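Two complexes come next, and they have one chain in common, chain A, joined by chain B in the first and chain C in the second.
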Partner chain A sequence: MIEIHSLTKSFEKIKAVDEVSVTIKDNIVFGLIGTNGAGKSTVLRMISGVLKPDSGTVTVDHMPVYDNVEAKKQLFFIADEPYFFANSNARAMERYYSGVYENFDRKEFYRYLESFNLDKGRKINTYSKGMKKQLALLLGICAHTKYLLCDETFDGLDPVMRQGVKSILAKEMEERGLTPVIASHNLRELEDICDHVGLLHKGGVLLSRDLEDMKCNIQKIQCVFASVEEELKALSGMEVLKKEQRGSLRTFTVRSTREEVAARFATVDTVFYEVLPLSLEEIFISETEVVGYDIKKLILG
Partner chain B sequence: MTSKNSFWASCIENHRRRGWVWIVAVLFQAVSYVGVLTVYLSRIRMWNEEGTYKTAADFQNAMYQATQDALGFQDNMFPILAGLAVIIGMQGFSYLYDRKKVDLYHSVPVDKNRRFFVVYVNGIVIYLVTTLLNILISVIMAMVQQAVNEKAMAVIGLGFVWNLLAFLTMYNTVILAVMVTGSRLVTLCAAGVLAAYEAVIYYLFNSLQYAFFKTKDNFYVAHSPKLSVLEDYVDHTWEIRGLDKVGAMARKALPFYGKWYVLAGVLLGAAWFAYRRRPSEAAGRAMAFRILEPFVKVAVVIPSALCLGMWVYSAGYGNKTLMLVTVAASGVIASAVMEVLYDFDLKSMYRHLLSSGIAVAGAVILFFVFKEDLLGYDKYIPLENEVESIAMVLDYYPDFWDEDFAYIPVAEASEEHMHIEDTAPVLALAARAQQKTYEEMDDPRALHVLYRLASGRRVGRVFYVDFSDADNAPFLDQITRMKEYKEGTFKILTDQDSFDLAQKITYSNGAVEVALPVEEALNLREAYLKDLDKFDFTMARNNRPCGEIRFRFPNWMTYTISVYENYENTIAYLQSREAYYPVQLNPEDIESITVTNYHYELQMAREESGEEASSILFPENSTVTETFYEEEQLAEIVQGIYPSVLSAPWNNYKERDDNYSVIVMFKKDTTYPYIRSDYSFSYQFMKDSVPAFVEEATALDSGESAAD
Partner chain C sequence: MIVIDYKDTRPIYEQIVERFKTLILKGAMQSDEQMPSVRNLAMELSINPNTIQKAYAELERQGFIYTVKGRGSFVSGDSGLVDQRKREYMGKILLLVEEVLEIGMSKAELIREIEML
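Then we have the complex of A and B:
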């Protein structure tokens, strides 16, 4: 488990991370989302032990991570722009990492390279951006660390490769309890991968929830009520996060389970009603608007 | 087998990424050793073919010496060592400049200390292997050409350690610079500043003191940079290379081995300390530690501004106002440059005005400290009870030597032998010197003085004593009559052993040169010591020597002592050996006397009228030469001339008439015991001793013009 408590980091006068506290449980996919400059990379760099926090603590399996080799053995960090040695190839990188990570699985690495059609002898500087990210991911996965920290690693992967990587991650999670922590500014990229998300904004955590919990507890309802009284009756006692109106068509986002909504609307006279699935983006828009943020501006720009 | 995680496995892994550094180091060292040896040996062979070496043994020795010089203490090696230190040091830790690299290296489970020492040790390994490889190849080359002997091998060994330790100090300096900076450009600047800062401060303060303090003197107390490897290396490599014996070389080099070893250790400690505290986010920044920025700025701007000010002061012929303006302006500009360097942004030049203001104010304040002598440097005269003893040199620089007949500077010798405890007359002269400026003195002479204070401090000063001021004479007499003064001034007084080893002794009155028996050197010394009791300021001031005795010792060391007419014991000895010839010549021995009148009065008039400098320095038709043959004329001329070769310390040089030069041509059948073959000797007229007929004959309108 990675525990982050009151983590703060400033770069000169700019507070990049401000009192962030998050717990990343084992064997889940943790998504760290936020706009550019929200502090995602800084948090990941502190988790990986690259940066020393100004204050607060980061522990990996109860071990402080900064300047601690034992804690770092549990982590593999893939930076937003992964570095490969000058004029090196995949084989040279494997040689380096297998010397550094004692559990590095060389056979698995070369097998994956083949599956992903990456030439082990080709110079990495001739790889495309996506290929470099694939290589970084494969190196990270084959290092067999408990935690894999990915900074914007999935952004830019084509759907086929994303699917391939997702399958490998799922396999590794199942087989050895891998915990990927994936930072991205793109909600759509993470929607189908993450179990738990933390939303960062201006260096602080806006929220941190299990995705399923969020999906179960927020419903989007489209309906046309028979009368205003019926509408008031339907919504009374229900936490409405968002409300839109187009003519007589009403759209509500409410905090409730699907069953509770169905039970409530069964007692109300409606011309039409439907409970719609929410995208991760919509959930965040709703959640953050509640706490006063215009998430459209934050996430979608 | 090496474990995957061992230190050495990490070293080998690190070397994979340092290939180009290996190649550069091999090339550098190949030029320094193999290249230089090839040039040296082929030069000796060429000279041998030209017949420079008379015997086979001479040629063989030259070959040995060439190998020793090429591979031992090389005088041009410093730039190579410095270049290697910069390349190896910066490349090894270059990952610290790049965030992407830092993300990789600092996230992987590798101990921070191990990473540091792996890179550090690998740098030394690169230097060691490439150096030893090239030395080995060079030695084999020399062996093939039979140009290496045991001595050369020993010197090569000493030179190898010398270069290794010099490299280490510079390498560690570069690494410290890398640790406190975040970009290559700033690292280069920082390495330069770290390596040269102490020396620059020393030379700056020294030149400021010389510029503004009248009594500044490095004669006795010369502080030199203590931590500058460049200074040590450049100054002493040549010196050690010039020594003949391996033991002497080792003795000379050993203190530097120790000093550089300690210095390298301290620098490594500082580099490691900075490395441990260096934040990863420093990659790409100018300074790794923001907190240091204002301090570094102030520490760099102040000397930079003062250096530029001193440069303008020197170029501007001592214009202090111009210097002040330069100091202030360059302080502002240097502060702005530092800010631009810190942020790599031109718009940042006006940032942090407080530290800029402190830096500029510091430079200006220091300028005034020196200009106005706010610390009272020139006014300093210790109290009598503060001074334990004094050593001094008063406008006369006699020769001193050691037991090997190697030259010793007069300051060093007088410091060792002169301990004047009756300090009152010296302190009184120092006080009197403050009452008159140099320009106000008629005949100012430098008095270098070393105050040995009771506190253990040594203070050196120079001040000027007006020899023409009669009020100074009693103090000068008091000093020069002291036994301590004479012991620290006249080597003949304290060193009997050397005189027993004299190889040649001659007496000269400026024209004759008579050999004296070397086996009687001690008798001559004894006679001279008795006469030396008569020596004091007034005697030397009012008299000119009538001759001089020159001793030649082993190692071509020579020593000359003046003989005055009242030195009756010495003269009696000389007479007993038929060696004494009066300084005044006998006209019967003279064939002719040629007098040249330079007519400097004409030049002075031209100068006053504002003519061009070239016409003043190279006047046309103003030199008149005339030769006199008649015995009566010669008899009158010899009354007023004095040999140019005889030095007359403390005698009033104004008594000599520089307007004339006199060449005395002796008869070939004279009884004078000449050594020289051209029979002509140079003399000078004394003031008001030029006969009227000479003046008339060399007047501008009557003589033979040199230009004709």
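Then we have the complex of A and C:
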């Protein structure tokens, strides 16, 4: 388990991370979502023990991380722009990481290199950007650490590669209890694979919730009531997050479960009624609009 | 075996549950046949294994599969499942029948349509 308490980090005048507290449990896929500049990379680097927080604590399996080799052995950090030694090739990088991570699986690494068509003898500085990311990912996966911290790693991969990597992550999660932590500004990308999502905005945490939990507890209903009384009857006691009306058509976003909504509307007289699916973006907007933040950038990004 | 439709707005685990239910009820999977392992299915579909666990837990809860510790999950031998499904479908059909009768179709017309199936 990775525990972060009141983490704060500033760079000169810029407060990049502001009192961030998050818990990342084992064997789940944790998505760290935020627009550019929200503080995701900074948080990941503090978890990696590479950056020292100004205040607050970061522990990995109850061990403080900074300058702590025992804790760092559990982590592998993949930067958004992966670094490789000058003039090195995949083979050289494997030799380096094998020396650093005692559980590095060399056989697996070379097998993956072959199936992803990456030439182990070719100079990495001749690789395309996408290939460099692929290589970094494979090195990280084969290091067999408990936690894999990915900084916008998926964002540079082609769709086929993305599916391939997801499949490998699934295997590693099941076989050895890997916990991937994936930072991204692309909600749609993470929606399908994350168990838990932490939303960062301007250095602070807007929410940290289990995805299924969030999805189950917000419903969107579109209906036409038979009368104003029926509308009042339907909505009384319900937490309405958003309400739109076009003529007699009402669209509500409420905090409730599907069953509660179905039970309630069974007793209400409606001319038209349907439950609409909510996209993750809509759920996020509903959850955070209450606090007044504008996160539309996450949808376009 | 299982195909995920990403455009479908239902959660992925629900789709998995539905597809396995259909396979089992239609006889494509036999009683006591072994279900794919969570690991293999997660790899094949490139999805989070926790999602598969959730789907299997739901299938077990509804009585479609059972789990043997250390060995995996297997299809139930319960013939009552087909009856349950028949009743589910009947409920939905009757709701639709009500609606179509409400907008003006006659019962005779409806029966004629069914007989032509």
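In this section, the second predicted complex is superposed on the first by the 296 of 301 C-alpha atoms of A that agree within 3 Å, B and C clash if a C-alpha of one lies under 4 Å from a C-alpha of the other, contacts with A are read in each partner's own complex, and residues count from 1 in each chain.
By definition in this document, contacts are C-beta pairs under 8 Å (C-beta built on N, C-alpha and C of every residue); 3 or more make two chains touch, one makes a residue touch a chain.
As the structure is a computational prediction, the values presented were derived from the model and not from experiment.
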Identify whether chain B and chain C fit side by side or clash on chain A in the overlaid structures. fit
Please tell me which partner, chain B or chain C, touches more residues of chain A. B
Using C-alpha centres in the superposed arrangement, which angle lies between chain B and chain C as seen from chain A, in steps of 10 degrees? 160
Could you look at A:Lys15 and tell me whether it touches chain B, chain C, both or neither (first, second, both, neither)? neither
Of the partners chain B and chain C, which touch A:Lys242 in the superposed model: first, second, both, neither? neither
What is the contact status of A:Lys120 with respect to chain B (first) and chain C (second): first, second, both, or neither? neither
Quick check on the superposed pair: does A:Lys202 touch chain B, chain C, both, or neither? Answer first, second, both or neither. neither
Using the touch definition from the top, say if A:Lys52 reaches chain B (first), chain C (second), both or neither. first
Check whether A:Arg255 is in contact with chain B, with chain C, with both or with neither, and answer first, second, both or neither. neither
In the superposed model, how near does chain B get to chain C, counting Cα atoms only, in Å? 26
Return the residues of chain A at which the contacts from chain B and from chain C coincide. none
Spell out the part of chain A that touches chain C in their complex, as residue ranges. 27-29, 163-164, 166-168, 170-171, 173-175, 192-195, 212, 215, 277
The residues of chain A that touch chain B in their complex are 11-12, 45, 48-52, 67, 69-70, 72-73, 75-77, 79, 81-83, 85-86, 92, 95-102
Partner chain A, residues of chain B touching it in the complex: 4-5, 9-10, 13, 16-17, 98, 100-104, 106-112, 279-281, 290
Where on chain C is chain A touching in the complex? 6, 9-12, 38-39, 42-50, 54
